[in-house]
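Should a chain be cited, it is by its letter among A, B, C and D, assigned in written order, with residues numbered from 1 in that chain.
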Amino acid sequence: MSGRAVDFSLPVRIFYEDTDAGGVVYHANYLKFMERARTDMFRSVGFGQQALLEQEIIFVVRDAQVKYRLPARLDDQIDVTVSVVKVGRASLVFEQSACLDGQILCSGCFTIACVDFSSMKPVALPDAYKQYLDSRVVPEG
Amino acid sequence: MSGRAVDFSLPVRIFYEDTDAGGVVYHANYLKFMERARTDMFRSVGFGQQALLEQEIIFVVRDAQVKYRLPARLDDQIDVTVSVVKVGRASLVFEQSACLDGQILCSGCFTIACVDFSSMKPVALPDAYKQYLDSRVVPEG
Amino acid sequence: MSGRAVDFSLPVRIFYEDTDAGGVVYHANYLKFMERARTDMFRSVGFGQQALLEQEIIFVVRDAQVKYRLPARLDDQIDVTVSVVKVGRASLVFEQSACLDGQILCSGCFTIACVDFSSMKPVALPDAYKQYLDSRVVPEG
Amino acid sequence: MSGRAVDFSLPVRIFYEDTDAGGVVYHANYLKFMERARTDMFRSVGFGQQALLEQEIIFVVRDAQVKYRLPARLDDQIDVTVSVVKVGRASLVFEQSACLDGQILCSGCFTIACVDFSSMKPVALPDAYKQYLDSRVVPEG
(Lines give C-alpha, C1' and ligand atoms only; values in the text may rest on other atoms or scores of the structure.)
Protein backbone atom coordinates (compact mmCIF):
# COMPACT_ATOMS: atom_id res chain seq x y z
CA MET A 1 0.00 0.00 0.00
CA SER A 2 2.81 2.36 0.87
CA GLY A 3 3.99 2.57 -2.72
CA ARG A 4 0.78 4.02 -4.12
CA ALA A 5 -0.32 7.58 -4.65
CA VAL A 6 -3.53 8.47 -2.88
CA ASP A 7 -6.47 9.66 -5.01
CA PHE A 8 -8.66 10.88 -2.23
CA SER A 9 -8.59 11.27 1.51
CA LEU A 10 -11.52 11.75 3.90
CA PRO A 11 -11.18 12.81 7.53
CA VAL A 12 -13.39 10.67 9.78
CA ARG A 13 -14.06 11.51 13.41
CA ILE A 14 -14.53 8.64 15.89
CA PHE A 15 -17.69 8.90 18.01
CA TYR A 16 -19.11 6.64 20.75
CA GLU A 17 -21.22 4.87 18.11
CA ASP A 18 -18.03 3.66 16.41
CA THR A 19 -16.44 2.12 19.49
CA ASP A 20 -17.14 -1.04 21.44
CA ALA A 21 -16.69 -2.28 25.00
CA GLY A 22 -13.05 -3.06 24.12
CA GLY A 23 -12.53 0.72 24.22
CA VAL A 24 -11.58 0.97 20.55
CA VAL A 25 -13.28 1.21 17.15
CA TYR A 26 -15.30 -1.95 16.34
CA HIS A 27 -13.55 -3.75 13.49
CA ALA A 28 -16.50 -3.83 11.07
CA ASN A 29 -16.82 -0.06 11.24
CA TYR A 30 -13.62 0.50 9.25
CA LEU A 31 -15.46 -0.99 6.28
CA LYS A 32 -18.06 1.75 6.72
CA PHE A 33 -15.38 4.42 6.88
CA MET A 34 -13.74 3.06 3.75
CA GLU A 35 -17.06 3.08 1.91
CA ARG A 36 -17.61 6.68 3.02
CA ALA A 37 -14.27 7.61 1.47
CA ARG A 38 -15.00 5.82 -1.83
CA THR A 39 -18.41 7.47 -1.98
CA ASP A 40 -16.99 10.93 -1.26
CA MET A 41 -14.25 10.43 -3.85
CA PHE A 42 -17.02 9.96 -6.42
CA ARG A 43 -19.02 12.84 -4.97
CA SER A 44 -15.97 15.11 -5.24
CA VAL A 45 -16.21 14.80 -9.04
CA GLY A 46 -19.98 15.12 -9.12
CA PHE A 47 -21.08 11.47 -9.02
CA GLY A 48 -23.76 10.70 -6.43
CA GLN A 49 -24.90 7.26 -5.32
CA GLN A 50 -28.58 8.28 -5.20
CA ALA A 51 -28.40 9.40 -8.85
CA LEU A 52 -26.83 6.04 -9.70
CA LEU A 53 -29.53 4.20 -7.74
CA GLU A 54 -32.17 6.09 -9.72
CA GLN A 55 -30.57 4.61 -12.85
CA GLU A 56 -31.07 1.21 -11.15
CA ILE A 57 -27.32 0.83 -10.68
CA ILE A 58 -25.56 0.11 -7.42
CA PHE A 59 -21.98 -0.63 -6.46
CA VAL A 60 -21.62 -3.74 -4.35
CA VAL A 61 -18.56 -5.06 -2.55
CA ARG A 62 -17.43 -8.40 -3.96
CA ASP A 63 -14.25 -8.85 -1.99
CA ALA A 64 -12.85 -7.14 1.08
CA GLN A 65 -9.40 -7.78 2.54
CA VAL A 66 -8.65 -5.82 5.64
CA LYS A 67 -5.58 -5.77 7.89
CA TYR A 68 -5.89 -4.24 11.33
CA ARG A 69 -2.67 -2.97 12.88
CA LEU A 70 -3.48 -0.40 15.54
CA PRO A 71 -6.78 0.68 17.04
CA ALA A 72 -8.48 4.05 16.70
CA ARG A 73 -10.16 5.42 19.81
CA LEU A 74 -12.93 7.80 20.80
CA ASP A 75 -12.32 11.39 19.53
CA ASP A 76 -9.53 10.38 17.14
CA GLN A 77 -9.71 11.99 13.74
CA ILE A 78 -8.46 9.50 11.21
CA ASP A 79 -7.77 9.97 7.52
CA VAL A 80 -9.28 7.41 5.22
CA THR A 81 -7.55 7.19 1.86
CA VAL A 82 -8.55 5.79 -1.51
CA SER A 83 -6.31 4.67 -4.38
CA VAL A 84 -7.86 3.38 -7.59
CA VAL A 85 -5.90 0.26 -8.47
CA LYS A 86 -7.81 -1.39 -11.29
CA VAL A 87 -10.74 -0.47 -13.51
CA GLY A 88 -12.63 -3.19 -15.36
CA ARG A 89 -15.77 -3.07 -17.49
CA ALA A 90 -18.05 -3.68 -14.52
CA SER A 91 -15.67 -3.85 -11.58
CA LEU A 92 -13.17 -1.77 -9.65
CA VAL A 93 -10.34 -2.41 -7.24
CA PHE A 94 -9.43 0.11 -4.55
CA GLU A 95 -6.65 0.13 -2.02
CA GLN A 96 -7.50 2.07 1.10
CA SER A 97 -6.15 2.88 4.51
CA ALA A 98 -7.17 4.47 7.76
CA CYS A 99 -4.36 6.58 9.23
CA LEU A 100 -3.83 8.52 12.44
CA ASP A 101 -1.07 11.12 12.48
CA GLY A 102 0.47 9.54 9.39
CA GLN A 103 0.51 6.04 10.89
CA ILE A 104 -1.53 3.32 9.20
CA LEU A 105 -4.08 1.81 11.59
CA CYS A 106 -5.86 -0.33 9.08
CA SER A 107 -5.48 -1.07 5.38
CA GLY A 108 -7.89 -2.64 2.96
CA CYS A 109 -8.28 -3.84 -0.59
CA PHE A 110 -11.82 -3.78 -1.99
CA THR A 111 -13.20 -5.22 -5.21
CA ILE A 112 -16.43 -3.47 -6.17
CA ALA A 113 -18.88 -4.63 -8.81
CA CYS A 114 -21.28 -2.40 -10.69
CA VAL A 115 -24.64 -4.24 -10.73
CA ASP A 116 -28.25 -3.82 -11.71
CA PHE A 117 -30.40 -3.01 -8.65
CA SER A 118 -33.11 -5.58 -9.40
CA SER A 119 -31.18 -8.49 -10.85
CA MET A 120 -27.90 -7.91 -8.96
CA LYS A 121 -26.21 -8.86 -12.29
CA PRO A 122 -23.09 -6.98 -13.44
CA VAL A 123 -23.60 -3.96 -15.70
CA ALA A 124 -20.96 -1.83 -17.39
CA LEU A 125 -19.72 1.16 -15.41
CA PRO A 126 -21.41 4.34 -16.64
CA ASP A 127 -19.14 6.07 -19.19
CA ALA A 128 -18.49 9.10 -17.01
CA TYR A 129 -17.33 6.88 -14.15
CA LYS A 130 -15.18 4.76 -16.46
CA GLN A 131 -13.50 7.86 -17.88
CA TYR A 132 -12.84 9.39 -14.48
CA LEU A 133 -11.57 6.15 -12.99
CA ASP A 134 -9.27 5.31 -15.90
CA SER A 135 -7.64 8.70 -15.37
CA ARG A 136 -7.07 7.91 -11.69
CA VAL A 137 -5.60 4.43 -11.87
CA VAL A 138 -2.40 4.40 -9.90
CA PRO A 139 0.33 2.21 -11.34
CA GLU A 140 1.85 0.02 -8.66
CA GLY A 141 5.14 1.22 -7.46
CA MET B 1 -45.84 0.17 31.26
CA SER B 2 -46.07 -2.12 34.25
CA GLY B 3 -49.86 -2.34 34.01
CA ARG B 4 -49.94 -3.86 30.52
CA ALA B 5 -50.00 -7.42 29.32
CA VAL B 6 -47.19 -8.30 26.96
CA ASP B 7 -48.10 -9.50 23.46
CA PHE B 8 -44.71 -10.72 22.43
CA SER B 9 -41.24 -11.09 23.85
CA LEU B 10 -37.96 -11.56 22.00
CA PRO B 11 -34.69 -12.64 23.64
CA VAL B 12 -31.79 -10.49 22.39
CA ARG B 13 -28.16 -11.32 23.08
CA ILE B 14 -25.68 -8.46 23.54
CA PHE B 15 -22.57 -8.69 21.37
CA TYR B 16 -19.52 -6.43 21.05
CA GLU B 17 -21.18 -4.68 18.10
CA ASP B 18 -23.95 -3.45 20.45
CA THR B 19 -21.68 -1.91 23.06
CA ASP B 20 -19.59 1.25 23.12
CA ALA B 21 -16.44 2.50 24.85
CA GLY B 22 -18.59 3.29 27.91
CA GLY B 23 -18.68 -0.50 28.42
CA VAL B 24 -22.46 -0.74 27.97
CA VAL B 25 -24.99 -0.99 25.14
CA TYR B 26 -25.01 2.15 22.98
CA HIS B 27 -28.31 3.96 23.56
CA ALA B 28 -29.49 4.03 19.93
CA ASN B 29 -29.21 0.25 19.71
CA TYR B 30 -32.22 -0.31 21.97
CA LEU B 31 -34.32 1.16 19.16
CA LYS B 32 -32.97 -1.59 16.89
CA PHE B 33 -33.78 -4.25 19.47
CA MET B 34 -37.30 -2.88 19.84
CA GLU B 35 -37.81 -2.91 16.09
CA ARG B 36 -36.57 -6.52 15.97
CA ALA B 37 -39.23 -7.43 18.54
CA ARG B 38 -42.05 -5.66 16.67
CA THR B 39 -40.95 -7.33 13.43
CA ASP B 40 -40.79 -10.77 15.03
CA MET B 41 -44.20 -10.28 16.62
CA PHE B 42 -45.59 -9.82 13.11
CA ARG B 43 -43.51 -12.69 11.78
CA SER B 44 -44.86 -14.97 14.54
CA VAL B 45 -48.30 -14.67 12.93
CA GLY B 46 -47.02 -14.99 9.39
CA PHE B 47 -46.53 -11.33 8.39
CA GLY B 48 -43.15 -10.57 6.82
CA GLN B 49 -41.69 -7.12 6.16
CA GLN B 50 -40.25 -8.14 2.79
CA ALA B 51 -43.72 -9.27 1.63
CA LEU B 52 -45.09 -5.91 2.76
CA LEU B 53 -42.29 -4.07 0.97
CA GLU B 54 -43.17 -5.96 -2.21
CA GLN B 55 -46.67 -4.47 -1.88
CA GLU B 56 -44.91 -1.07 -1.71
CA ILE B 57 -45.83 -0.70 1.96
CA ILE B 58 -43.44 0.04 4.78
CA PHE B 59 -43.83 0.77 8.46
CA VAL B 60 -42.00 3.90 9.56
CA VAL B 61 -41.42 5.21 13.06
CA ARG B 62 -43.15 8.57 13.59
CA ASP B 63 -42.48 9.02 17.28
CA ALA B 64 -40.12 7.31 19.70
CA GLN B 65 -40.03 7.96 23.44
CA VAL B 66 -37.39 6.01 25.26
CA LYS B 67 -36.43 5.96 28.94
CA TYR B 68 -33.09 4.45 29.91
CA ARG B 69 -32.82 3.20 33.49
CA LEU B 70 -30.06 0.62 33.69
CA PRO B 71 -27.46 -0.46 31.15
CA ALA B 72 -27.16 -3.84 29.45
CA ARG B 73 -23.65 -5.22 29.02
CA LEU B 74 -21.70 -7.61 26.82
CA ASP B 75 -23.10 -11.18 26.94
CA ASP B 76 -26.35 -10.18 28.66
CA GLN B 77 -29.45 -11.79 27.24
CA ILE B 78 -32.26 -9.30 27.50
CA ASP B 79 -35.96 -9.78 26.79
CA VAL B 80 -37.55 -7.22 24.55
CA THR B 81 -41.31 -7.01 24.95
CA VAL B 82 -44.09 -5.61 22.78
CA SER B 83 -47.58 -4.51 23.83
CA VAL B 84 -50.00 -3.22 21.20
CA VAL B 85 -51.54 -0.10 22.69
CA LYS B 86 -53.49 1.55 19.90
CA VAL B 87 -54.48 0.61 16.37
CA GLY B 88 -55.52 3.33 13.94
CA ARG B 89 -56.38 3.20 10.25
CA ALA B 90 -52.77 3.81 9.19
CA SER B 91 -50.89 3.97 12.47
CA LEU B 92 -50.01 1.91 15.51
CA VAL B 93 -48.79 2.56 19.01
CA PHE B 94 -46.61 0.05 20.85
CA GLU B 95 -45.26 0.04 24.37
CA GLN B 96 -42.05 -1.89 24.71
CA SER B 97 -39.36 -2.69 27.21
CA ALA B 98 -35.94 -4.28 27.44
CA CYS B 99 -35.60 -6.37 30.60
CA LEU B 100 -32.81 -8.32 32.26
CA ASP B 101 -33.77 -10.93 34.84
CA GLY B 102 -37.20 -9.34 35.16
CA GLN B 103 -35.82 -5.84 35.73
CA ILE B 104 -36.66 -3.11 33.21
CA LEU B 105 -33.50 -1.61 31.71
CA CYS B 106 -35.20 0.54 29.13
CA SER B 107 -38.79 1.26 28.14
CA GLY B 108 -40.17 2.82 25.01
CA CYS B 109 -43.34 4.01 23.34
CA PHE B 110 -43.35 3.96 19.54
CA THR B 111 -45.86 5.38 17.08
CA ILE B 112 -45.58 3.63 13.75
CA ALA B 113 -47.15 4.77 10.48
CA CYS B 114 -48.02 2.54 7.58
CA VAL B 115 -46.86 4.36 4.43
CA ASP B 116 -46.47 3.95 0.71
CA PHE B 117 -42.84 3.14 -0.18
CA SER B 118 -42.54 5.72 -2.97
CA SER B 119 -44.59 8.64 -1.72
CA MET B 120 -44.03 8.05 2.03
CA LYS B 121 -47.75 9.00 2.39
CA PRO B 122 -49.96 7.11 4.88
CA VAL B 123 -51.87 4.10 3.59
CA ALA B 124 -54.40 1.95 5.46
CA LEU B 125 -53.00 -1.04 7.30
CA PRO B 126 -53.54 -4.22 5.28
CA ASP B 127 -56.74 -5.95 6.49
CA ALA B 128 -54.94 -8.98 7.88
CA TYR B 129 -52.68 -6.75 10.01
CA LYS B 130 -55.62 -4.65 11.16
CA GLN B 131 -57.56 -7.74 12.23
CA TYR B 132 -54.62 -9.26 14.07
CA LEU B 133 -53.70 -6.01 15.79
CA ASP B 134 -57.24 -5.19 16.88
CA SER B 135 -57.33 -8.57 18.59
CA ARG B 136 -54.10 -7.76 20.45
CA VAL B 137 -54.81 -4.27 21.76
CA VAL B 138 -54.15 -4.26 25.44
CA PRO B 139 -56.48 -2.04 27.45
CA GLU B 140 -54.56 0.20 29.81
CA GLY B 141 -54.53 -0.79 33.39
CA MET C 1 -38.22 23.73 18.92
CA SER C 2 -38.71 26.54 16.46
CA GLY C 3 -38.58 29.18 19.19
CA ARG C 4 -35.05 28.35 20.32
CA ALA C 5 -31.71 29.68 19.29
CA VAL C 6 -29.31 27.05 18.07
CA ASP C 7 -26.03 26.62 19.96
CA PHE C 8 -24.30 24.37 17.48
CA SER C 9 -24.91 22.80 14.11
CA LEU C 10 -23.13 19.84 12.52
CA PRO C 11 -23.41 18.89 8.84
CA VAL C 12 -23.92 15.12 8.46
CA ARG C 13 -23.68 13.34 5.13
CA ILE C 14 -25.93 10.32 4.52
CA PHE C 15 -24.11 7.20 3.31
CA TYR C 16 -25.36 3.70 2.40
CA GLU C 17 -24.57 2.56 5.96
CA ASP C 18 -27.20 5.00 7.28
CA THR C 19 -30.06 3.84 5.06
CA ASP C 20 -32.24 0.74 5.08
CA ALA C 21 -34.21 -1.29 2.55
CA GLY C 22 -37.02 1.28 2.86
CA GLY C 23 -34.71 3.57 0.84
CA VAL C 24 -34.37 6.13 3.63
CA VAL C 25 -32.29 6.70 6.77
CA TYR C 26 -32.97 4.03 9.43
CA HIS C 27 -34.78 5.70 12.33
CA ALA C 28 -32.32 4.73 15.07
CA ASN C 29 -29.48 6.41 13.18
CA TYR C 30 -30.81 9.91 13.88
CA LEU C 31 -29.95 9.26 17.54
CA LYS C 32 -26.37 8.66 16.42
CA PHE C 33 -26.33 11.86 14.39
CA MET C 34 -27.70 13.81 17.34
CA GLU C 35 -25.04 12.39 19.62
CA ARG C 36 -22.37 13.33 17.08
CA ALA C 37 -23.65 16.92 17.19
CA ARG C 38 -23.68 17.08 21.01
CA THR C 39 -20.19 15.61 21.09
CA ASP C 40 -18.87 18.06 18.50
CA MET C 41 -20.48 20.98 20.32
CA PHE C 42 -18.37 20.04 23.35
CA ARG C 43 -15.32 19.42 21.18
CA SER C 44 -15.72 22.89 19.62
CA VAL C 45 -14.94 24.38 23.03
CA GLY C 46 -12.15 21.95 23.80
CA PHE C 47 -14.00 19.23 25.73
CA GLY C 48 -13.31 15.68 24.51
CA GLN C 49 -15.21 12.54 25.48
CA GLN C 50 -12.03 10.44 25.71
CA ALA C 51 -10.57 12.91 28.23
CA LEU C 52 -13.79 12.68 30.21
CA LEU C 53 -13.70 8.87 30.05
CA GLU C 54 -10.15 8.96 31.40
CA GLN C 55 -11.56 10.83 34.43
CA GLU C 56 -13.99 7.88 34.74
CA ILE C 57 -16.90 10.10 33.67
CA ILE C 58 -19.32 9.37 30.87
CA PHE C 59 -22.47 11.04 29.60
CA VAL C 60 -25.38 8.64 29.24
CA VAL C 61 -28.76 9.23 27.65
CA ARG C 62 -31.57 8.95 30.23
CA ASP C 63 -34.48 10.00 28.05
CA ALA C 64 -34.89 10.41 24.31
CA GLN C 65 -37.99 11.79 22.62
CA VAL C 66 -37.81 11.84 18.86
CA LYS C 67 -40.35 12.94 16.25
CA TYR C 68 -39.81 11.85 12.67
CA ARG C 69 -41.47 14.04 10.02
CA LEU C 70 -39.69 13.52 6.71
CA PRO C 71 -37.03 11.05 5.67
CA ALA C 72 -33.44 11.77 4.72
CA ARG C 73 -32.02 9.82 1.80
CA LEU C 74 -28.70 8.64 0.43
CA ASP C 75 -26.31 11.54 -0.37
CA ASP C 76 -28.38 14.14 1.52
CA GLN C 77 -26.36 16.50 3.68
CA ILE C 78 -28.40 17.29 6.72
CA ASP C 79 -27.71 19.80 9.48
CA VAL C 80 -27.99 18.50 13.00
CA THR C 81 -28.57 21.24 15.55
CA VAL C 82 -28.13 21.43 19.31
CA SER C 83 -29.78 23.81 21.78
CA VAL C 84 -28.92 23.60 25.46
CA VAL C 85 -32.25 23.76 27.27
CA LYS C 86 -31.51 22.95 30.90
CA VAL C 87 -28.38 22.43 32.98
CA GLY C 88 -28.61 20.56 36.28
CA ARG C 89 -25.95 19.46 38.73
CA ALA C 90 -25.47 16.11 37.03
CA SER C 91 -27.85 16.27 34.08
CA LEU C 92 -28.52 18.18 30.89
CA VAL C 93 -31.41 18.66 28.51
CA PHE C 94 -30.85 19.32 24.82
CA GLU C 95 -33.28 20.07 22.03
CA GLN C 96 -32.03 18.97 18.66
CA SER C 97 -33.13 18.70 15.07
CA ALA C 98 -32.04 17.24 11.78
CA CYS C 99 -32.79 19.61 8.89
CA LEU C 100 -32.49 19.46 5.13
CA ASP C 101 -32.55 22.73 3.21
CA GLY C 102 -34.00 24.48 6.24
CA GLN C 103 -36.82 21.95 6.66
CA ILE C 104 -36.99 19.90 9.86
CA LEU C 105 -36.86 16.17 9.13
CA CYS C 106 -36.60 15.01 12.68
CA SER C 107 -36.56 16.68 16.09
CA GLY C 108 -35.50 15.33 19.42
CA CYS C 109 -35.27 16.14 23.11
CA PHE C 110 -32.55 14.36 25.07
CA THR C 111 -31.90 14.20 28.79
CA ILE C 112 -28.30 13.32 29.48
CA ALA C 113 -26.85 12.26 32.82
CA CYS C 114 -23.26 12.64 33.87
CA VAL C 115 -22.27 9.36 35.55
CA ASP C 116 -19.31 7.51 37.00
CA PHE C 117 -17.98 4.95 34.50
CA SER C 118 -17.79 2.07 36.99
CA SER C 119 -20.82 2.59 39.17
CA MET C 120 -23.05 4.29 36.57
CA LYS C 121 -24.11 6.58 39.47
CA PRO C 122 -24.64 10.32 38.83
CA VAL C 123 -21.67 12.62 39.40
CA ALA C 124 -21.59 16.41 39.21
CA LEU C 125 -20.75 17.89 35.82
CA PRO C 126 -17.09 18.96 35.71
CA ASP C 127 -16.85 22.70 36.53
CA ALA C 128 -15.63 23.68 33.07
CA TYR C 129 -18.63 21.96 31.46
CA LYS C 130 -21.05 23.48 33.94
CA GLN C 131 -19.68 26.95 33.28
CA TYR C 132 -19.80 26.58 29.53
CA LEU C 133 -23.27 25.06 29.53
CA ASP C 134 -24.76 27.65 31.89
CA SER C 135 -23.61 30.29 29.43
CA ARG C 136 -25.36 28.50 26.59
CA VAL C 137 -28.76 27.79 28.09
CA VAL C 138 -31.35 29.12 25.72
CA PRO C 139 -34.41 30.58 27.40
CA GLU C 140 -37.58 29.24 25.84
CA GLY C 141 -38.85 31.60 23.21
CA MET D 1 -14.27 -23.51 2.55
CA SER D 2 -16.43 -26.31 1.23
CA GLY D 3 -13.95 -28.95 2.30
CA ARG D 4 -14.12 -28.16 6.02
CA ALA D 5 -16.30 -29.50 8.78
CA VAL D 6 -18.29 -26.84 10.58
CA ASP D 7 -17.72 -26.42 14.32
CA PHE D 8 -20.63 -24.17 15.05
CA SER D 9 -23.56 -22.61 13.25
CA LEU D 10 -25.70 -19.65 14.32
CA PRO D 11 -29.03 -18.70 12.72
CA VAL D 12 -29.19 -14.94 12.10
CA ARG D 13 -32.39 -13.17 11.11
CA ILE D 14 -32.14 -10.15 8.79
CA PHE D 15 -33.94 -7.04 10.05
CA TYR D 16 -34.34 -3.55 8.54
CA GLU D 17 -31.30 -2.39 10.57
CA ASP D 18 -29.11 -4.82 8.60
CA THR D 19 -30.15 -3.67 5.13
CA ASP D 20 -29.35 -0.58 3.11
CA ALA D 21 -30.99 1.44 0.35
CA GLY D 22 -29.66 -1.12 -2.15
CA GLY D 23 -32.38 -3.42 -0.75
CA VAL D 24 -29.89 -5.98 0.59
CA VAL D 25 -27.73 -6.53 3.67
CA TYR D 26 -25.02 -3.86 3.99
CA HIS D 27 -21.65 -5.51 3.36
CA ALA D 28 -20.00 -4.56 6.66
CA ASN D 29 -22.80 -6.24 8.62
CA TYR D 30 -21.64 -9.73 7.63
CA LEU D 31 -18.57 -9.07 9.77
CA LYS D 32 -20.90 -8.46 12.70
CA PHE D 33 -22.81 -11.68 12.00
CA MET D 34 -19.56 -13.61 11.80
CA GLU D 35 -18.40 -12.18 15.11
CA ARG D 36 -21.74 -13.13 16.67
CA ALA D 37 -21.18 -16.72 15.53
CA ARG D 38 -17.60 -16.86 16.89
CA THR D 39 -18.79 -15.40 20.19
CA ASP D 40 -21.68 -17.86 20.46
CA MET D 41 -19.39 -20.77 19.63
CA PHE D 42 -17.34 -19.82 22.70
CA ARG D 43 -20.46 -19.21 24.75
CA SER D 44 -21.76 -22.69 23.82
CA VAL D 45 -18.87 -24.17 25.78
CA GLY D 46 -19.18 -21.74 28.66
CA PHE D 47 -16.71 -19.00 27.64
CA GLY D 48 -18.11 -15.48 27.84
CA GLN D 49 -16.52 -12.32 26.41
CA GLN D 50 -17.46 -10.21 29.45
CA ALA D 51 -15.66 -12.67 31.74
CA LEU D 52 -12.63 -12.44 29.46
CA LEU D 53 -12.83 -8.64 29.48
CA GLU D 54 -12.85 -8.73 33.28
CA GLN D 55 -9.52 -10.58 33.07
CA GLU D 56 -8.35 -7.63 30.89
CA ILE D 57 -8.28 -9.86 27.81
CA ILE D 58 -10.02 -9.14 24.52
CA PHE D 59 -10.05 -10.80 21.14
CA VAL D 60 -9.33 -8.42 18.29
CA VAL D 61 -9.57 -9.02 14.57
CA ARG D 62 -6.15 -8.75 12.88
CA ASP D 63 -7.12 -9.80 9.39
CA ALA D 64 -10.45 -10.21 7.63
CA GLN D 65 -10.90 -11.60 4.14
CA VAL D 66 -14.45 -11.66 2.94
CA LYS D 67 -15.96 -12.76 -0.37
CA TYR D 68 -19.50 -11.69 -1.20
CA ARG D 69 -21.36 -13.88 -3.70
CA LEU D 70 -25.09 -13.38 -3.24
CA PRO D 71 -27.03 -10.89 -1.14
CA ALA D 72 -29.24 -11.62 1.86
CA ARG D 73 -32.47 -9.65 2.13
CA LEU D 74 -34.96 -8.48 4.72
CA ASP D 75 -36.56 -11.38 6.65
CA ASP D 76 -34.04 -13.98 5.43
CA GLN D 77 -32.78 -16.31 8.09
CA ILE D 78 -29.19 -17.12 7.30
CA ASP D 79 -26.87 -19.61 8.95
CA VAL D 80 -23.49 -18.32 9.97
CA THR D 81 -20.90 -21.05 10.36
CA VAL D 82 -17.55 -21.22 12.14
CA SER D 83 -14.65 -23.61 11.50
CA VAL D 84 -11.53 -23.38 13.64
CA VAL D 85 -8.63 -23.54 11.21
CA LYS D 86 -5.54 -22.71 13.21
CA VAL D 87 -4.73 -22.20 16.86
CA GLY D 88 -1.57 -20.34 17.86
CA ARG D 89 -0.27 -19.23 21.23
CA ALA D 90 -2.01 -15.87 21.04
CA SER D 91 -3.90 -16.04 17.77
CA LEU D 92 -6.63 -17.95 15.98
CA VAL D 93 -7.79 -18.45 12.43
CA PHE D 94 -11.44 -19.11 11.60
CA GLU D 95 -13.15 -19.86 8.33
CA GLN D 96 -16.75 -18.78 8.26
CA SER D 97 -19.69 -18.52 5.92
CA ALA D 98 -23.16 -17.06 5.74
CA CYS D 99 -25.58 -19.43 4.00
CA LEU D 100 -29.20 -19.28 2.91
CA ASP D 101 -30.94 -22.57 2.19
CA GLY D 102 -27.60 -24.31 1.91
CA GLN D 103 -26.19 -21.78 -0.55
CA ILE D 104 -23.14 -19.73 0.45
CA LEU D 105 -23.88 -16.00 0.29
CA CYS D 106 -20.65 -14.84 1.82
CA SER D 107 -17.50 -16.50 3.11
CA GLY D 108 -14.77 -15.15 5.31
CA CYS D 109 -11.42 -15.94 6.86
CA PHE D 110 -10.59 -14.16 10.11
CA THR D 111 -7.36 -13.99 12.06
CA ILE D 112 -8.03 -13.09 15.67
CA ALA D 113 -5.44 -12.03 18.22
CA CYS D 114 -5.78 -12.41 21.97
CA VAL D 115 -4.58 -9.12 23.49
CA ASP D 116 -4.31 -7.27 26.75
CA PHE D 117 -7.12 -4.72 27.09
CA SER D 118 -4.88 -1.82 28.16
CA SER D 119 -1.73 -2.35 26.14
CA MET D 120 -3.36 -4.05 23.12
CA LYS D 121 -0.27 -6.34 23.18
CA PRO D 122 -0.67 -10.08 22.47
CA VAL D 123 -1.20 -12.39 25.45
CA ALA D 124 -1.42 -16.18 25.47
CA LEU D 125 -4.88 -17.66 25.02
CA PRO D 126 -6.30 -18.72 28.40
CA ASP D 127 -5.64 -22.44 28.92
CA ALA D 128 -9.29 -23.45 28.79
CA TYR D 129 -9.69 -21.71 25.41
CA LYS D 130 -6.49 -23.25 24.08
CA GLN D 131 -7.61 -26.74 25.11
CA TYR D 132 -11.06 -26.36 23.62
CA LEU D 133 -9.80 -24.84 20.39
CA ASP D 134 -7.06 -27.42 19.85
CA SER D 135 -9.76 -30.07 20.04
CA ARG D 136 -11.79 -28.28 17.37
CA VAL D 137 -9.16 -27.58 14.74
CA VAL D 138 -10.42 -28.89 11.47
CA PRO D 139 -7.75 -30.35 9.22
CA GLU D 140 -8.07 -29.01 5.71
CA GLY D 141 -10.02 -31.41 3.60
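Note that in this section a contact is a pair of C-beta atoms (placed from the backbone, for glycine too) under 8 Å apart; a residue touches a chain by one contact, two chains touch by 3 or more.
Owing to the predicted nature of the structure, the values given are computational and were not obtained by experimental measurement.
> Farthest chain from subunit D, going by the mean of C-alpha atoms per chain?
The most remote chain is C.
> If you tally the C-beta contacts for B-D and for A-D, which one comes out higher?
Comparing B-D with A-D, the pair joined by more C-beta contacts is A-D.
> How many Å are there between the centre of subunit B and the centre of subunit D, using C-alpha atoms for each centre?
28
> Return the distance between the CA-based centres of subunit A and subunit B, expressed in whole Å.
Their C-alpha centroids are separated by 34 Å.
> How many Å are there between the centre of subunit A and the centre of subunit D, using C-alpha atoms for each centre?
That gives a centre separation of 23 Å.
> Two-or-more-chain contact residues of subunit B, please, as numbers and ranges.
16-17, 21-24, 28, 32, 35, 53, 73-74
> Which residues of subunit B touch subunit C in the complex?
Interface residues on subunit B, with respect to subunit C: 21-24, 27-29, 31-32, 35, 53, 58, 60-68, 70-71, 117, 120.
> Taking the complex as given, what residues does subunit A use to touch subunit C?
13, 15-17, 32, 35-36, 39-40, 43, 48-51, 53, 73-75
> Which residues of subunit A touch subunit B in their complex?
16-17, 19-24, 26, 28, 73-74
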